[in-house]
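A short worksheet on the structure shown next.
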Amino acid sequence: MPAEYSDLSISDFASAIPDGAKLAIPADYAGVSMAATRALIRRKAKNLHLVGVPTSGLQAELLIGAGCVATLESSALTLGEYGPAPRFTKAVREGSIHLIDATCPAIHAGLQASQKGIPFMPLRGILGSDVLKHHPGWKVIQNPFSESEDPIVAIPAIQPDIALFHAPLADRDGNVWLGRKRELVNMSHASKTAFVTVDAICETSLFETEEMAAGVLPTLYVGEIYHAPNGSWPLPFWNGAKVDDAHMQEYMKMAASDAGFNEYLERYVYGESAMA
Amino acid sequence: MPAEYSDLSISDFASAIPDGAKLAIPADYAGVSMAATRALIRRKAKNLHLVGVPTSGLQAELLIGAGCVATLESSALTLGEYGPAPRFTKAVREGSIHLIDATCPAIHAGLQASQKGIPFMPLRGILGSDVLKHHPGWKVIQNPFSESEDPIVAIPAIQPDIALFHAPLADRDGNVWLGRKRELVNMSHASKTAFVTVDAICETSLFETEEMAAGVLPTLYVGEIYHAPNGSWPLPFWNGAKVDDAHMQEYMKMAASDAGFNEYLERYVYGESAMA
Amino acid sequence: MTVADEKKALICLIAGLLRDCNHVAVGAASPIPGAAALLAKAAWGSPRHVNILGSVANNFFTGGGGELFDCAAQGRIDAFFLGGGQIDGEANINLMGRGPYPTSAPRWPGTFGSAYLYFLIPKVILFREEHTRRTLVEKVDFISAPGVSDEKIYRKGGPYGLITSKAFFMFNRKKRRFSLLSIHPGSSLEDILDNTGFAFDYEETTPVTPPPDPELLKLLEMDVSRPVAEVYPNFSATIFPVT
Amino acid sequence: MTVADEKKALICLIAGLLRDCNHVAVGAASPIPGAAALLAKAAWGSPRHVNILGSVANNFFTGGGGELFDCAAQGRIDAFFLGGGQIDGEANINLMGRGPYPTSAPRWPGTFGSAYLYFLIPKVILFREEHTRRTLVEKVDFISAPGVSDEKIYRKGGPYGLITSKAFFMFNRKKRRFSLLSIHPGSSLEDILDNTGFAFDYEETTPVTPPPDPELLKLLEMDVSRPVAEVYPNFSATIFPVT
């Protein structure tokens, strides 16, 4: 990691994410880089393959609405108490995105298989679910350690190109602190690289104390860092920020129609009233 | 976890580990509970099945020498720069313990399979190693996702009865802090319960800050805690203590003969010059 | 009975079902089950562990988003709650959407962990307040997670019962069928037969769901309202009087 | 040449082999390879990442003991070092013991991660100072990790070469055979033939291992001795003059 984070603009950061990239993105409560999401829409990213780890929310909703997404692989897309995600609902109804519907532990298992460099990971449950019937990758195999019939689902590895998320802190060596949000560690290990926006830059090494070190993603796994204070806005951030409730309600109203959604993009994404 | 740690003696702690138990124990640098090890020898534990995660050292050496061990499942037993472990070497030569020799990532994979509740985990490498030829549990299967011949080793789950280790800190709720020694988390999740000796008891909750929380093993996984300051002695401890070099050298000299080893036990284990 | 009273009664009813548990996990978006778990813990110290997922302060997992699923597979979670846009008479649940997949309309969020947790947690309580023929159907359009499995399938858990705003059904895994256990005050057997899309066992003399124990209700209102408010502030504001 | 000079020469030789690497991992009990990695990083900024396993201060893994193996499988470790009580002409290594398994005598510690890492790290440098027919054998008694594998076996890495106190051999994976690249000062072709238990390719005119670059040696003694001492205090005391 270069130490000159300030040289990089959020546009550069988003431009380093190529069209067609497979992106691992966290659930709405785990640290979503909304700053990067808006920059991806501004640069008109195309054909992204999103992997919700294990679900997604506003980030996938906006990218789908803006036409950036070819495939959504996730266990859910939810805006929680705000109700059905309007752009996602429309895209599903119209069949305009390719869906790979999964179940949460299978997303984790696929990433862990990639993390461990193994072709697949077996997983209990799932048998008899229509998710299995429709999933293009999963296979049912016989448990090789059972003498009797014992079918088990084999989940193939999921290797994203880039893990993209928001974290509280990075140091000048490019280490990132993410506390006990260890799914972000797993998804970074599983991906070819990680792109991280952070609330703050720490001038001392995150390895200085074992207390901090316990929650660090080492620079070895990190490709780009961008300093984006409050970069999860309008989503909540586990390290402090609350959801911008008024904004979310405004979004739900505007995104109910195509015209309204476009106006939302104009105002909050293309326009500079966006936070980043 | 009960809050009254002081009610429990180290003898009670060791007595709660039954004969024949399968114990997961960490490598010499990761936090070995030598206090509990000595108490196990004092209570004349029998037929233990030790799982070195992924290796063991002085702890297994002493337990083997004292006749507590039926099976050693590990990727190595090493005393590092002190040279060949005398009691282990003798037991191997005489065939007096059952060996399940493994390779480090396979121990981790077997524990992770148990942690995930799956019957096995595939693992690359190993093919052509004599470790595979002699291992009683591993199987070679065809990668179900490959069209061509692609053999891969399937490692069955390892579920220890008890994960036994030493950590820096526990709180009154029974949560344990172990920093970035996450193999201790994995082995605790994989085991039916965890028995932990700690250097210190913390009067406030380890979940009070996210910095500390990142390195916590939650009480849900913890069966017993015993307050044993410097409980890893004479081994080093990653949180501070250095190896007691003079003691290790004395051990090597004494353990070279049966009589000397017995004298060592008298002096440092049965006798009360032991730290605990 | 006000809406708030009805919800408090549901909380007390569910709390009683968790008393034999050591560890109950609840989703951050499930205020009634969450409040029930907190109430049971406060009333009986059992469950000893209540884990509110997605929360920061009330979630003791430290291993990342996958720990819930590993923990369930280890047999360390005794009870959990699932819902669904549709639930059918064999306790199949549909969280995916109505109509033919993949172009479901409406599409719901998706299956989450249900296809897994339903197999591994012994006591899965189905909780869906809306009790209509729209939600309780003869056959779900999409099986997110099946209610029952063949004997050869590894399965350690499954549906315990179904609680709605009108009734409490137990599920019989052998018969693959719900049976009506009790009817909440304000409803009736006729009302339930009218509004349930699947067939179920019942007796003409099905009892009324007993009212909450006054002591338990008092504990909820006095002592447990605060932790509930910390975890579910919006919900809390609707059922507890402002003080 | 003193013993200290010989060890410094080995450090410089190995450092040069790591210059094309991004990330080198070294065991805490491997002071010469560890010093070489630290030297290469100081000299050329390459490798950028040096990870000393088992150390607290110089180990940047935060995922527990398994991270090394995952990291190797991800292709994120470019070079690693393995030794062995026996090494044979096909680069098989034996860390288990002499004689028939399981009653080996002597028994060595065991296989550690070698049976795995040898398959997954592109540049595995075999390092064993003792160069005798006892250590360099025709056929190992126990294959902890095989030097080569059939084509159908998934294998991304393997032996690059073998460095001893007497010589530097390259390994040819196609021919499954070592070839002598250079002979360290103080030894000779005859000495090496006498003390090597396996057959290998060589030329009568095999060159002498070039002496360390004086600049590199100076860097080792001046700037790198301190970090080396932090990681390997005992070793450091034997090769660097007390100041």
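In this document, chain identifiers A, B, C and D correspond to the written order of the chains, with residue numbering beginning at 1 in each.
Keep this in mind: a contact is a pair of C-beta atoms (placed from the backbone, for glycine too) under 8 Å apart; a residue touches a chain by one contact, two chains touch by 3 or more.
Model, not experiment: these values are computed from the prediction.
When chain centres are set by their Cα atoms, the one at the greatest distance from chain A is D.
Averaging Cα coordinates per chain places chain B and chain D 29 Å apart. If you average the CA atoms of chain C and of chain D, the two centres end up 59 Å from each other. One finds 40 Å separating the Cα centroids of chain B and chain C.
In chain D, the positions touching at least two other chains are 56, 61-63, 67, 69, 73, 120. Shown for chain A are the residues in touch with two or more other chains, namely 116-118, 123-124, 150, 152, 180, 185, 210, 213-216, 238. Taken as a graph of touching chains, this assembly fits none of the simple shapes: it is neither a line, a ring, a star nor a complete graph. You'll find the chains touch as A-B, A-C, A-D, B-C, B-D.
On the chain A side of its complex with chain B, the touching residues are 109, 116-124, 139, 141, 143-146, 150, 152, 154, 156, 179-180, 210-216, 238-239. The touching residues of chain A, when paired with chain D in their complex, are 114-118, 175, 185, 189, 207, 210, 213-221.
Of all residues in chain C, those touching chain A in their complex are 28-29, 54, 56, 61-69, 73, 95-97, 101-120, 142-146, 149, 152-154, 234. Only residues 23, 49, 56, 60-63, 67, 69-76, 120 of chain D touch chain A when the two sit together in their complex. On chain B, the positions that touch chain D within their shared complex are 26-27, 29-30, 53-55, 74-78, 80-81, 84-85, 88-89, 92-95, 99, 101-106, 108, 112, 123-132, 134, 148-152, 180-186, 238.
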